[in-house]
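Next, two complexes with subunit A in common: one pairs it with subunit B, the other with subunit C.
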Partner chain A sequence: MTERLVDARLHLLGRQVLDTDGEPVRTVDDLELAGPGGGEVRAGQEAHVAAVLVGPVLATRLFGGRVPDSMLPRIAWEDVGHVGTAVELTVGSDRLDADWVEHWVRERLIGRIPGGRHDPEGDG
Partner chain B sequence: MKKLLGVALGILTAIGGFVDIGDLVTNAVVGSRFGMSLAWVVVLGVVGIVLFASMSGRVAAVSGRATFEIIRERLGPRAAGANLLASFAINLLTLTAEVGGIALALHLASSVEPRLWIPVAALAVWLVLWRVKFQVMENVAGLLGLLLVGFAIALFQLGPDWGELLRQAVPPSPPGTEHPASYWYYAVALFGAAMTPYEVFFFSSGAVEERWTAKDLGTNRLNVLLGFPLGGLLSLAIAACAAVVLLPAGIEVSSLSQIVLPVAQAGGVLLLAVVILGIVAATFGAALETALSSGYTLAQYLGWSWGKFRRPARAARFHLTMIVALLVAVGILMTSVDPVAVTEMSVVFSAVALPLTYVPILVVANDPAYMGRHVNGRVANALGMVYLVIVVVAAVAAIPLMIATGAGS
Partner chain C sequence: MNVGDLLDARVLGPDDAALGVVVDVRLALDVVEEPDDEPGEEEDREEAGRDAPLSAQARRDAVGSARVVGLLVGPRGAGSFHGYERTDVRSPWPIPQLVRRRHRGTFLVRWEEVAALEELPGDGAWRVRLAPGYTRLPPELR
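On to the complex of A and B.
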């Protein structure tokens, strides 16, 4: 495989995140950077992407402010398998804590309406 | 037959743009006031939507990314968010109008009070969104909507002076009785309706729903080249019927029953029944298109799981969005607002939505990282640039013209 330059702003931010089955999870709303050894990022030093941030961080990017660290849904960069026109994960969305709102709506609302788990492509 | 069903996506998309409830009325108003002098706008709009819908379909087929995903990716959260607000407002207002339109059409057929039909219509729309397979939905709604061809049949039966209709159309000669500002207001409204953004949202997402790949680019071309011109022809037929019957009689169109007047005069009860069925199907189809588009746009902006091909539980927030949109639509209609007046307001929002939708499509259709060797050719790019200018001019002119003319009155 050839080396490819990935521009975080151009090739990561705003891209669709797909789980291992190709199911959409979220859009890349922001990125968490970490310095060498997972420490803090310092100007002039090497940094790497530690996690994809989703959810409430979009609101703070638009309107300012800061989301408390504990409330920041993140998808670890280790779970990212491939970066193409979408960011593809190597895990299923059911295992992602970052996708908890979807799970909640599924279990509490949509899954409870009759036919909510019916496969439209199947027969009958 | 299989070929015919293969273009149902294009037909259903075009119905939402050219002959949904707001356009049915606008077309007839235009015909009864300006004759065929605005026919050129429909032609201009057809070429524009064919151009950009085929680009959005090609992007979806080759890269698997639907239009609002690329809008978010290319414009960033702010500009894409502005587009989302405007597009979502257009979707919601149009959905409201369509649900009201189904009720009005059923009222026309049954004389049962429209307000009783509204919840029934909304429930029927939801059941289709919830349960029916995408392909079945587009085939039934698209093909039944084609019954509007009854307007064209009525036109032939009326036996109009074709030379006179042509003289009104080329070169365009607006009647002296109308103010030029009104003429241009309707020109912008017709153009905006033809290029309305939910068409590309629906079309590109539909391409993903149908799992198009680079192999389906021929299907894509066929869909846009058949669907949109057909929509344009239906819209011209409605305007021509009004120009032949209502214009000389001095009747100003303000309700659905006046639109079908020429049909009843030309073809009697049978043709009238066909056309009313066509109106119900077209408004129903447009309701499905706008409801789905509201789910598609929000889900694709935020990256949620979406699509009718998934079990509803596997696209939970997408289905929740559509349910909420339908409930809001019913709520608005229950205030007895005129559904047709509701769509006129959406012209305002197209000022923001049109350029912010078509620029990213044109950019990504040229990006080899998405498109590989299927990037735009020179002709498509040249035409695309010309249309971007027209779109911006129309978008900027929309609001001042609306204020100056009191929405064309």
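On to the complex of A and C.
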């Protein structure tokens, strides 16, 4: 197995996340690190990326402070398939919590509008 | 801990000397061989030449786990690198030359040589302390 070296800020942060169908999900806002066995990160001991964090960080970037980790939707790194100019997942966006706002709006609001469940692309 | 906690964290040497800030976190991605990879993909990419979109020439790998290799420490934190100081790209003159000049002194320190990660009380900022005898490695991406 070969290795590819990347720099987190240069190659990953801010990149588009695509689901398995190539649909855009979110962008990479942060990466969660984990220590040996998935535990806490300790200086000098093996550490790896556990998850891609996507979430509402625009406000904190502008005004400072930080979003609590519990509020950042996470995508497990195991679900990442390819890394190129974008980060491509091996799962569909319907299976991700990261898009829950979009799903909620689709089901509760748009779906209740007459014709809101019609799929124009499904007509062939 | 997140990568965002490490970025821009202040870095101290073993003797408490301020060395700068963490400008980036270097990761090693395991590249997985894909059995269904089209054999000609590499050649196609080269043949695509100048007319093809950049995305067609860009590298795209099937990846496994991502391990932390080390931290890039820069004596002056602010400002983007545009990736220049980590490659040998020299054009368009004089942008890379200016960016490199601003960021000279940047070095890579291996993750094993990080002695402590300390969360500062108050604003949640972090501080990184390096182990005695740490080595300053060149920051270029190989």
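Things to note:
The rule we apply is simple: the second predicted complex is superposed on the first by the 91 of 124 C-alpha atoms of A that agree within 3 Å, B and C clash if a C-alpha of one lies under 4 Å from a C-alpha of the other, contacts with A are read in each partner's own complex, and residues count from 1 in each chain.
The definition used in the following text is that contacts are C-beta pairs under 8 Å (C-beta built on N, C-alpha and C of every residue); 3 or more make two chains touch, one makes a residue touch a chain.
Since the structure is predicted, the reported quantities are computational estimates derived from the model, not experimental observations.
Legend: residue contacts after superposition of the two complexes on their common chain; A:G81 is shown touching subunit C, with no touch to subunit B.
When the two structures are aligned on the shared chain, A:G92 is found in touch with neither subunit B nor subunit C.
Contacts of A:L58 after superposition: subunit B is touched, whereas subunit C is not reached. Look at A:L13: by the touch rule set out above, it reaches both subunit B and subunit C. In the superposed model, A:G111 makes contact with subunit B only, not with subunit C. Contacts of A:G39 after superposition: neither subunit B nor subunit C is touched.
Subunit A residues 13, 29, 85 lie at the interface with subunit B in one structure and with subunit C in the other.
Only residues 13-17, 23-29, 54, 58, 61-62, 85-86, 93, 101-102, 105-106, 109-111, 113, 115-121 of subunit A touch subunit B when the two sit together in their complex. If you check the complex, the residues on subunit A that touch subunit C are 1-10, 12-13, 29-33, 40-44, 46-49, 53, 65-66, 69, 77, 80-85, 88.
On the side of subunit C, the complex with subunit A involves touching residues 1-4, 7, 23-33, 54-55, 58-69, 72, 81, 83, 86, 111-117, 123-124, 128-129, 131, 141-142. Those residues of subunit B that touch subunit A in the shared complex are 63-65, 69, 72-74, 76-78, 80-81, 130-134, 299-306, 308-314, 316-317, 319-320, 369-370.
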